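Multiple structures are listed underneath, in structure tokens.
Shared between the two complexes below is chain A, which has chain B as its partner in the first and chain C in the second.
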Partner chain A sequence: MSEERRIGVYVCHCGGNISDYVDVAQVIGAVEDEPGVVVARAAMFTCSDATQQEIIDDIREQELDGMVVASCSPSLHTETFREVARRAGLNPYEYTQVNIREQCSWAHTDDREGATRKAIRLVRAGIARTRLSAPLEPVTVETVPKTLVVGGGVAGLRAAFGLAEIGLEVFLVEREAELGGQVGNLGAIYPHGNDGRALIARLTRAVGERPNITVFTRAELVEKSGSFGNYQATVRVGGEPGERIQIDVGSIVVATGFDSYEPEAGELGYGIEGVLTLPEFEQLLNQDGALTFNGKPVESIAYVYCVGSRQPGGHEYCSRYCCSTAVHDSLRVAEHSPDVRQYHLHRDMRTYGKNELLYSESRERGSLYIRFADGEPPAVEKLPDGRLRVTVRDLLTEGEELAIESDLLVLVTGMVPRQNEELTGVLKLPVGKDGFFNEIHPKLRPVETVVDGVLIAGACQGPKSASESVTSALAAVSQSAAILKKGSAELDPLVATVDPEKCSWCGTCQEACPYDAIGRLALNGKQVAAVEAAVCKGCGGCVPVCAEEAIDLQGYTDAQVRAMIDGLLQEVAR
Partner chain B sequence: MTTLVNSRLVDELGRAHEFNAAACMDCGVCSAVCPLEIELLPRRLFRHVLLGMEERLVEETETIYSCLLCGLCEESCPGGVHITENVRALRHFLNTNAVGGAR
Partner chain C sequence: MTNVEETIREAGPRILVFSTDISGPGIDFAGSLHLHYSPEVDVISMPCTSGIKPAWVLHALQRGFDGVFIAADGEECAYLPDCAQRASRIAADAQALLTQNGYEPQRLKMAAICSVCAEHFIRYMHDFSATLAELGSTGSG
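Presenting the complex of A and B:
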């Protein structure tokens, strides 16, 4: 068979990146007579438009049926050259990328001859693989135009509405009896002082009016099976044991939010009357008229920032929202009780972006900011008259020890990851070191997870303000649309296949597969293993464990790998 | 020694003399540009006022009066603090309250 192949080999100079240390002409000389090679050429930049066109012309004129590009890393240019093949009418899986830059010229700058010999071996291996390549077609899966949103806070609600607007059917699952999450309990929120409860009421109404959104409250996702674009979700409604509902969905948006940090008893006086967490203080601020606590007017308030955040060995991250929320709260206080004294004890203020203006305004309105050192938190005690005394060393007055007497002490508590083991288990969600869910790439793929079709939105990913949560929710909407709006998705066909003749169903491969891609099938009167192509990631974990050698990985068959090894070992003339 | 913060002082100054140091971010530019190299003025002084450290102001009477009111610091202040106006307010405060009584 190999004699009949017509393979083109292209060796790249990479403008000197390769040719400074690899003798490209020597590589070509060593491989041009390999069986099956009909074209072997060098190029200054193989990825340039001009060279791509030359390759396309070669493929057409020379009727090539295989192609090898020896250049840079496959992660950089595999897709580029697959596309070249497609444009020329060659099956893209008849192409092999060989990396002679990272693996030869960049790695062996001290040894030109050695780098060149290594390049020759690698290119021969690439040719050997291509001699045995076969045309492959992408695995096409039909996708279900429906999405499951888990969590009905501001992020989940906005995602549900957005998904419905682009025409997808939406199921919204909320664990609590009420929708709205944390924002649903808040009064005026920064930056514009909109009422959180009113905002949520508006969103909830909009979601309720959409015929293509089904809301389940007191509900949780308890099971998920199926594959990319076709998940079967089981939702338990109404607590244990409750009713179990089956839903088919194409994607899942996780928007389960965060918890507020709960201080330890005694931490910064927590437990003393008048010492409040930020959420408790927010509730107090929702009262009408002048600020009172336990029926008595409040005359002074002290705030301690970063409680539960930025703590080495504990929650090390900044919770982002709390500086701005506390500063905004102080403006709310100044608004109806201008004579209340307010003291802000901080490690440094992080009212980032436009919220800096809130910080300036609060100072203009008389709030006093006192900065203490990391690791030197203020001390809190109760005075005989019921007020609080907070002692702190102020770095802005050269370490002067100050005492502040106040009616209230607000612990500006941060965000912590929500305990959600059951959901994390069901979806196999990746959890970061900080306990929040992890995206694939913080900049370029900020809402996708390593689980295909499972997206994250809002503060379950890490501390976010309401507007940041909504932004990420809408990113998850467009990412769902990218998966589901076409109605189908194409997956790489580099997956495992089973030869039913050889398979005797021992089940070893099924145990080896980390993705649960292998099932069992009755065929011609016996049981055989069957690979679900849409689930298989092509990792190859099943191949070596099969005693019958019944499993092969398409694109990397045993025969191809053996031929590549032979190619690598072939002598190189000196 | 621990100082009990007394925020009434700045009120008093603010009402009578338009003292306003809220925009001061403690950057130190004012001290750096002062031709007399008066290290104390104005940022530390402002802190003393904000925290209500009245005795400190009295202790610093000499320094408060040695300022030339040249305005170089005010020109350079990134916070836009009206420094010279504030120094005048402090002098007036010392004249009417502390200096006459205490000395």
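Presenting the complex of A and C:
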């Protein structure tokens, strides 16, 4: 059979992500003469449009009937290359993705020879699998046109409204008594100075007016069962024990936000009167008229940036919003109290994109920006007259020590992941090293998680501004629409199949299937098992229980797995 | 032994890992973090632990792997609520099969690897490599 196959093999450099650690030319050389291989090529980026087109041309010109791409994890590009196959008229299930990045080059950056040998083995196994592949057609499942949104901050509210607008039924679950999240507590916010509370009030009203949105406050998601396209969610309303409500939904959008970094006692003077975190300062700014603190007018303010962000060994990431918020705050101060002196002590200013204009404006209005070195944070002490003295070495004047006296010191605090163990457990959400929820791929699948139909949006995924949170919320809306609007979704046809020749009906496989996907059929005068493809989840749980070895899982057949094992060991085979 | 074989033996025991929809991302994550383990570890991915045939474990050893590691779903399996029990049965059956065929049952190891259990995976690979090195090669053919 293998001689009859016409397989194309494509090995990716992935820029240098693979080729820096794996000798790609050697891999090609080792596999190009494998039985069934008619084309073997390397590419700088196999996923690039140009290479996709080359593959399509190969498939057509060389009449390929199988394809192997050795690049990144199948979770990233399986669909990309299935689509390439489809466009070229090749059945997408005749294609095998071989993972030589996450499971090879990146895991063996210390051993080029070992990594190269391994890549060769993995590609051979992929070719062996493809030699035995068969053309398959997708299975269609019905999806429930309803979505559960967890978290009613700006991201969750905007997602709920967007989902309702496209005609999906929405359930919005908020843990607190009030909707709105962090933005609901803010006054004027950057970039345009709109009032956060007013923004939330407007969104909440819009959500309330939608008949197809049901809002539960003081509520949490406590259980989830079912499968892709049709999840059964249990929501507990009104605290423990509360009332439990069952809802069927097709997708779940998680928008549970972040917490603000809480400085340690004594960290940069935290605990001294007049030393405030950014959220505390925001509350102070919400007062009317000229700025006062404890009844006294404020004449000078110092800010220290990157508190709880970009800290080696602690929260190492940049929290994104804080530079722009503090700069914007200084403009709000300048507006109401133009005589207040403002000193910004920073390691770097990251008012990225259009917010750079806020930074320029703040400087024009008299704010002073002083840069200190990474390892040399300012020192803070309280003066006898109740004011604060902040001492800092100014990098630009070659370390000259400056002592700044101020009425207030604002610690420009960053974002930290919210403690949400129960939800993480219920949804099996992947949590990254930084403690925020992980998407499948930051560029290609930025709001999907490894759990099908469970999407993430807003700052629960990592630090985001309000507008970035809304952008990702809308991405989750369109992703939900893609899954749910058609009323059905196409599923991999990688399901169980029964060989009626071998089957002598004993019923063991039927008992092993909790989804009732296996029935009994009379065929050619005998009773045999038959799998209902749309119900089968493709787990393969029925495969090892069959004493007659009559069941195979498509894509993972007995013959394919054995051939892959043999392919992996070819170099020592005798 | 041929040169190829010598190189391989020096490189350490050869391990076949069966991964799943849950543990595969965990193993990917280890790579994304550039955590190192032996390049003699090869992964074949399956959707779920419950679909692994004991006969494949024997086949792998007979063909030249020194050990097989099942990176199981544990309690996290999205398909089967009793996946952990099924997996234990499969592992027990496979070990019985190994014993019948003259292989040490310790050449099969199973542990749950979650979708972000990168460090766990690395630790298991180090420990399993050490166990297999002590057992010596299957010297198969």
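Structural remarks
The working rule: the second predicted complex is superposed on the first by the 362 of 574 C-alpha atoms of A that agree within 3 Å, B and C clash if a C-alpha of one lies under 4 Å from a C-alpha of the other, contacts with A are read in each partner's own complex, and residues count from 1 in each chain.
Throughout what follows, contacts are C-beta pairs under 8 Å (C-beta built on N, C-alpha and C of every residue); 3 or more make two chains touch, one makes a residue touch a chain.
Quick caveat: nothing in here was measured; it's all calculated off a predicted structure.
Once chain A of one complex is fitted onto chain A of the other, the partner contacts of A:Ala198 are absent, as it touches neither chain B nor chain C. Within the superposed three-chain model, A:Leu553 lies in touch with chain C and out of touch with chain B [touch as defined at top]. Shared-chain residue A:Thr391: touches chain B; no touch with chain C. More residues of chain A lie in touch with C than with the remaining chain of the pair chain B and chain C. In the superposition on chain A, A:Glu405 makes contact with chain B only, not with chain C.
Once the two complexes are overlaid on the shared chain, A:Ala379 sits clear of chain B and of chain C alike. Contact with chain C, but none with chain B, is seen for A:Lys118 once the two complexes are overlaid on the shared chain. In the superposition on chain A, no contact is made by A:Ala25 with either chain B or chain C. Interface residues of chain B facing chain A in the complex, by the touch rule stated above, are 1-5, 7, 10, 22-23, 26, 44, 47-48, 50-51. For chain A in complex with chain C, the residues that touch the partner chain are 73-75, 99, 101-111, 114-115, 117-118, 121-122, 125, 227, 428, 430-433, 438, 450-451, 494, 514, 537-541, 543-544, 553, 556, 558, 561-562, 564-566, 568-569, 571-574. Within the complex formed with chain B, the residues of chain A that make contact are 341, 343, 360, 363-366, 368, 391, 394, 396-398, 400-405.
In the complex of the two chains, the chain C residues touching chain A come out as 4-5, 7-8, 11, 14, 16, 21, 24-25, 27-40, 42-48, 50-56, 59-60, 63-65, 76-81, 83, 86, 90, 93, 115-116, 141.
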